[in-house]
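What follows are several structures.
Next come two complexes built around subunit A: one with subunit B, the other with subunit C.
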Partner chain A sequence: MNEKDLRTIIEQVLTEMNAGAAGSAAAAPAACAKAAGQASNVEDGCIPDITEVDIRTQYLVENPEHGEEYAELKYNAPCRLGIGKAGARYKTLPQLEFRAAHSAAQDAVFNDVDEEFVKSQGLFIVQTQCDSKDTYLTRPDLGRKLSPEGVAAIKEKCKKNPTVQIYVADGLSSASVAANIPDLLPAILQGLQNYKIDVGTPFFVKYGRVGVMDEISELTGAEVTCTLIGERPGLITAESMSAYIAYKATVGMPEARRTVVSNIHRSGTIPAEAGAHIADIIKIMLEKKASGTDLKL
Partner chain B sequence: MILKTKLFGHVYEFKSVCEVMAKANEEKSGDKLAGIAAETAEERVAAKAVLSHLTLNDLRNNPAVPYEEDEVTRIIQDDINETIFNEFKNMTVSEFREWLLDESTTPDMIRHASRGLTSECVAGVCKLMSNLDLIYAAKKIRVEAHCNTTIGKPGTFSSRLQPNHTTDDPKGIIASVMEGLSLGCGDAVIGINPVDDSVESVARLLKMLNEFKNKWEVPTQCSVLAHITTQVEAAEKFGAPLDMVFQSIAGSQKGNEAFGVTVQMIQDGRDMVLSKGTSTGPNVNYFETGQGSELSSDAHNGWDQVTMEARCYGLARHFQPFLVNTVVGFIGPEYLYDSKQVTRAGLEDHFMGKLTGISMGCDACYTNHMKADQNDIENLATLLVAAGCNYIMGVPQGDDCMLMYQCTGFHEAAALREIFGLRPIHEFDMWMEKMGFSENGKLTAKAGDASVFLAK
Partner chain C sequence: MNALHEVILSVGIDIGTSTTQLIFSRLTIENRASSYTVPRIQIVDKEVIYRSLIYFTPLKSNTEIDADTVKRIVRDEYHSAGIRPEEVQTGAVIITGETARKQNANDVLEALSDLAGDFVVATAGPDLESVLSARGAGSDKLSEEHRTTVANLDVGGGTTNIAVYQKGTLRGVCCLDIGGRLIKAAEGRLTYLYPKIQDLAKKHGIDLKVGDPADVEKLRRVCALMADQLAQSLHLKPMDEAHAGLYTNGGKPLPAEPEIQAITFSGGVADCVYQKMEGDLFRYGDIGVLLGQAIRENPDLRSVQLFQAAETIRATVVGAGEHTTEVSGSTIHYAEGKLPIKNIPILKVSEEDEASLETFRASITRQMPLYQPEGQLEQIAIAFSGETRTSFAEVQKLAAAIIDAAKEVVASKYPLILVVEADIGKVLGNALNVLLDYKKDVICIDGIKTLSGDYVDIGEPVAEGHVVPVVIKTLIFNS
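After this line comes the complex of A and B, so read on.
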């Protein structure tokens, strides 16, 4: 490229930039491509979604000695096996797959649940004594206590002394709340309604740890309290949810008094199924007047 | 002993050695959670200045938990060689730091000093070290140990193969063992964290690993990381082969109670393996530790997580273990907030373990609610090899599907060996060559092909 061509390109770029007066974002990439002297031949099409790869069947080793046998064996492990190598490092595809999985986990932990979504589920929002995600992650004690405003809101809006109090908490995965609650919460409510069990006013706790259920149990005077909370994401799924359920929970009670239903997500126990199961557990809990290790299911 | 100093003309006065030790730590979320961290950056430096003037004798006389109340303290204090302690007791922590770093101080001189150091002395000097100091000093110290093979020899760097599985499925576990071995992992140990902690299941896994190891003549050792009494029972009831016994430990008696373990149980386990186990020995214990575990079980007695961690190593030393590793990023952001804190803790733990005189490795790892990613953990692993770490972990691509955390992958040890010119343990290195997985310490094209173990 000679100097003249370059000048022409620069002039052209400047003209285009001016044309997009308020700094049009769309103009910038085009300008980059032209300045680099490349023909911007953008083709139609879409690169396949690397997160749709099933790591159990993926097999990237080149010229394996007994490939069929190993592919069959490795299918038994939900691990990143049979991934080959580039020197003593990873191939690019599995490296990107790993990063994609971790990005989902990080977004699930560090992003807040969308408040509009919460409201669309018919839930009002209360907060614990954590003022930020950072405080939430570093001060588990504050995530177990409601803010004064939260206490007031529950006192004002919730039905007093219900048989069962259900609420949702973000826990360590906002993605889990968005993925499971639309099916899970109605399934539990439906199940309890079928058993003619009285349910209190559900709500959402922001920055909530499992232990905040004890204060909520005391506040509402519920016989059984059930929290639906986002689990710490792994790389297999960032959407796993758990239900912690306790009979007459009190602040300071032993952890062993909680009954747990874990691994609720689309590739684990599916939300609708989990909802029915949770309603059954609550029914038994009310009959036996016990929970956790005191309750044999 | 003076507990007061001035910084920029401002007076800082501390009430106790405990307070100085906590505030002299580099910033850790766990110390903040405990309410014992320095409140300002300046106060942190003031505490370091005060600590630098304390003597090793002052630190020995202020154990984190009183001798009468705590069997860990008793082990640490009673194991001290008094003659050696007397050589060093009047040194200030500052002088001791410079002695460790001094060009005329040899590795042998440091190993000699180790025998006279309590864990509080080890933790104290650690707090005055920068990250590069920790690497520089640790690099001087070599600790070897022998089970079936010898770990820690100069020129070697090892890894634990960690073939964990969500349901302990034997086929899934073996698939992982095969791939790990084909990439040069597992010379330190092939060790499974079991999901099912029952004696029958643990015995079954131990037998399976041992059979595979014998069939392919892999020169290494195996372990299933259940509770120590479960492993012993698996051997006694079901004849499970034990090369070593594993146990998680804490730096106080109360912390160990939270793990359901006592000094006597560890001693019994060790005796059992030495008399009935399958390995040569004499080093047959494997311990895991990690900063923050004492606070999480309210067993820190008001002390900081670095000092409590050092006490784990003081306890471990009593049993002359084959392996000890800190699981440095597993505990979560309320103890180690981000990659900076995990990196610091990994280097501290490795240095303190070696200065205590134990064969030290590190599970450089992180959970998904920490501000860290795989790049950070690769950095830490690289720093640890520079510091002369005995071993790191190896799991498929660094993603442990069972423990739901990420650590170093099968490929990391191999890459780091190449970069630093290191080899696996000699017998294992020879085995790799025999299998065609490596040549002159470099992986071959065949490495990573686990299917070679499926030859009919």
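After this line comes the complex of A and C, so read on.
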């Protein structure tokens, strides 16, 4: 069926629908006019942003036995408890909040990091062998290998054999990169500067998994490689970031050789302070010449 | 990293109006965070391992503490405990109650501070005493566990220190001149009368003079008046006209809110409140036993729940030994070899002044002369919250503002010391280091809340250098 046939069919269907609902079709413009008339009375107010609700302070159970105690207990952790019920179901607000959190998580995974943002952080971009988000999500193996262009770009632009090579990857949360890198990356660099530790040229890896650091380590010849990567988002935050750091990482090395600092976001470990801490870990790693489970911090 | 487990030895020495005591305790610190996150090192256990005998505080006269005897007592107790001063990593010497008003209190603190180990601090002040005794008595924990409001009354020889905890949080403190040794008796006669108590009795038509016979019924009536004043201070009944004058050094009463629902007692008189004392009423040479009975029988104090305190006569010393030390945040910055430092006055930038960098700078500049007696800068620590300036860019600006405003410190021989509440200690320390071109020693710790007028002691790093023990104190005897 070509496009022309399709168009004919649609026109035919529409005509039939209009014929069948002649009365309502006539009424529609009137209703629209009425609605338009009301539209001129629109208030200046806006619908409250449900994502602004701090769920630690949200307690919605009606007629509770020990409401105050429950609310105090609940304040300790952002959990979806004590949110009441409407019959067997959630109340409208928690339901909408849940969906908003879920959407934010989905967005964090499926959206790309804004290239302008990446450039504004002074990073150039390379890509793994994934050609799209779909490939990235379904082929983890390709997310651990750089594209030939990526390899060439790193060879061309990066300082050779630096003491430390840092790079950023989108991982499973683009939102995390935008939220944390402006604080995290400069804080690590400043911390290393403090120790007079030499740092290579940082860059950004699109569609990157943790394992790509092994190839990058081999390519740059860095002693320590550190990747700042978006964590799989949850329903509490979509902005959490991890740093995976390894001493002389090589392709095929055991996962246990990576040291990780996780939960970096504004309500977890503050990114700027986390950066200063990561610089210390790198310093220790260089002194002890080990990482992961081989390194006692 | 999470296997980390370290024990710090802490001493508490309390020189009170009537008794002097000492305890040693073990503070266990541990990393509570998983290996995959930034460490979070906390004090997880506190255990008293040695309790001294309880001594009468040696006095040379009514206005002078016998410092030499105090020193000897402390030395002997260290010996009995088998602990050498250099083994003690932290702790506090606290001179409390009426004793703190003695002429030579500062000299005694000075003398003991050296004897009692390298990082033991001298501290006093009625507000602090209220807090330490309540924590030693366990009132803070009781209020938290029972989800209620608990007032602890530390009824000592010269004063009653009160602290109110609501669900684990301190809500108010006060201190009254009511205590078991404000009237002393020997061989059936009154030998000492504290003027304020004499006046209180007089207002109610009871005449007391030194040398009068110790008339039990008369003294019971006076003790009932004192107990009644305690009930008033807790807002359990309306305050009468005599009440305001009973606060130590014109101090303030407790806030009217939150309403007190339960009480605990500590201090020397507490045991006479909790237990029915048989035998000689004047066995301690004072009205302690009678005051305890009067408090127990007071109808207004009985209107609220009575909890058993974890410690009674030793509450303050346990508080001093166990609850004065905190640990800093686990990501901090310090110059090697510069710790410990002691008795550093805090220059505090208020939260209002933190609103903009201009007011932040101005606040430091304005306060700096206060720390330059005779034009010479003393060692200071600059403290602020930092809660609203946690981004990397803000931290850089903050560091620049500090260096600009604290020029005198930067130019001096002292290290630049910062005490911050927000978790930015390490990144701020790094920023300062870079801006100062690594030419200045910087100590920047976080996770510590301070007030203007406080002093800070920062101990040698523990837990593999992740944290430092910190004691925040006030040396002002009566604020």
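Convention: the second predicted complex is superposed on the first by the 252 of 297 C-alpha atoms of A that agree within 3 Å, B and C clash if a C-alpha of one lies under 4 Å from a C-alpha of the other, contacts with A are read in each partner's own complex, and residues count from 1 in each chain.
Here, a residue touches a chain if its C-beta (ideal position, glycine included) is under 8 Å from a C-beta of that chain, and two chains touch if they have at least 3 such contacts.
Predicted model, so just to flag it, every value in this text is computed and none were measured.
S.K.: Between subunit B and subunit C, positioned on subunit A by superposition, is the outcome a clash or a fit?
M.R.: They fit side by side.
S.K.: Would you sort A:113 into first (subunit B), second (subunit C), both or neither based on which partner it touches?
M.R.: neither
S.K.: Counting only touches as set out at the top, which of subunit B and subunit C does A:69 meet: first, second, both, neither?
M.R.: Both partners, subunit B and subunit C.
S.K.: A:79 contacts which: subunit B (first), subunit C (second), both, neither?
M.R.: The answer is first: A:79 touches subunit B but not subunit C.
S.K.: Between subunit B and subunit C, whom does A:199 touch in the aligned arrangement: first, second, both, or neither?
M.R.: neither
S.K.: Who contacts more of subunit A, subunit B or subunit C?
M.R.: Ranking subunit B and subunit C by residues of subunit A touched puts B first.
S.K.: Let me test your reading of the model: by the given contact rule, A:137 touches which partner, first (subunit B), second (subunit C), both or neither?
M.R.: first
S.K.: Is A:229 touching anything from subunit B or subunit C once the two structures are fitted on A? First, second, both or neither.
M.R.: Neither partner.
S.K.: Superposed on chain A, how close does subunit B come to subunit C by Cα atoms? Whole Å, please.
M.R.: 9
S.K.: Residue by residue on subunit A, keep only those touching subunit B in one complex and subunit C in the other, then list them.
M.R.: 69
S.K.: Okay, in this complex, where on subunit A does subunit B touch?
M.R.: Spelled out, the residues of subunit A in touch with subunit B are 61, 63-67, 69-70, 73-74, 76-85, 87-90, 94, 98-99, 101-102, 105-106, 108-109, 137-141, 172, 232-236, 238.
S.K.: Can you list the subunit A residues touching subunit C in their complex?
M.R.: 69, 72, 182-184, 186-187, 190-191, 193-194, 260-263, 266, 268-277, 279-280, 296-297
S.K.: Can you check the complex and tell me which residues of subunit C touch subunit A?
M.R.: Subunit C reaches subunit A through residues 1, 35-39, 147, 167, 331, 333, 390-393, 395, 422-427, 429-431, 433-434, 438.
S.K.: Considering the complex alone, what residue numbers of subunit B touch subunit A?
M.R.: Where subunit B meets subunit A, its residues are 29, 32-33, 165-166, 169, 171-176, 178-179, 183, 332-334, 337, 367-369, 373-374, 395-399, 401, 404-406, 409, 411, 414-415, 417-418, 442-443, 447-452, 454-456.
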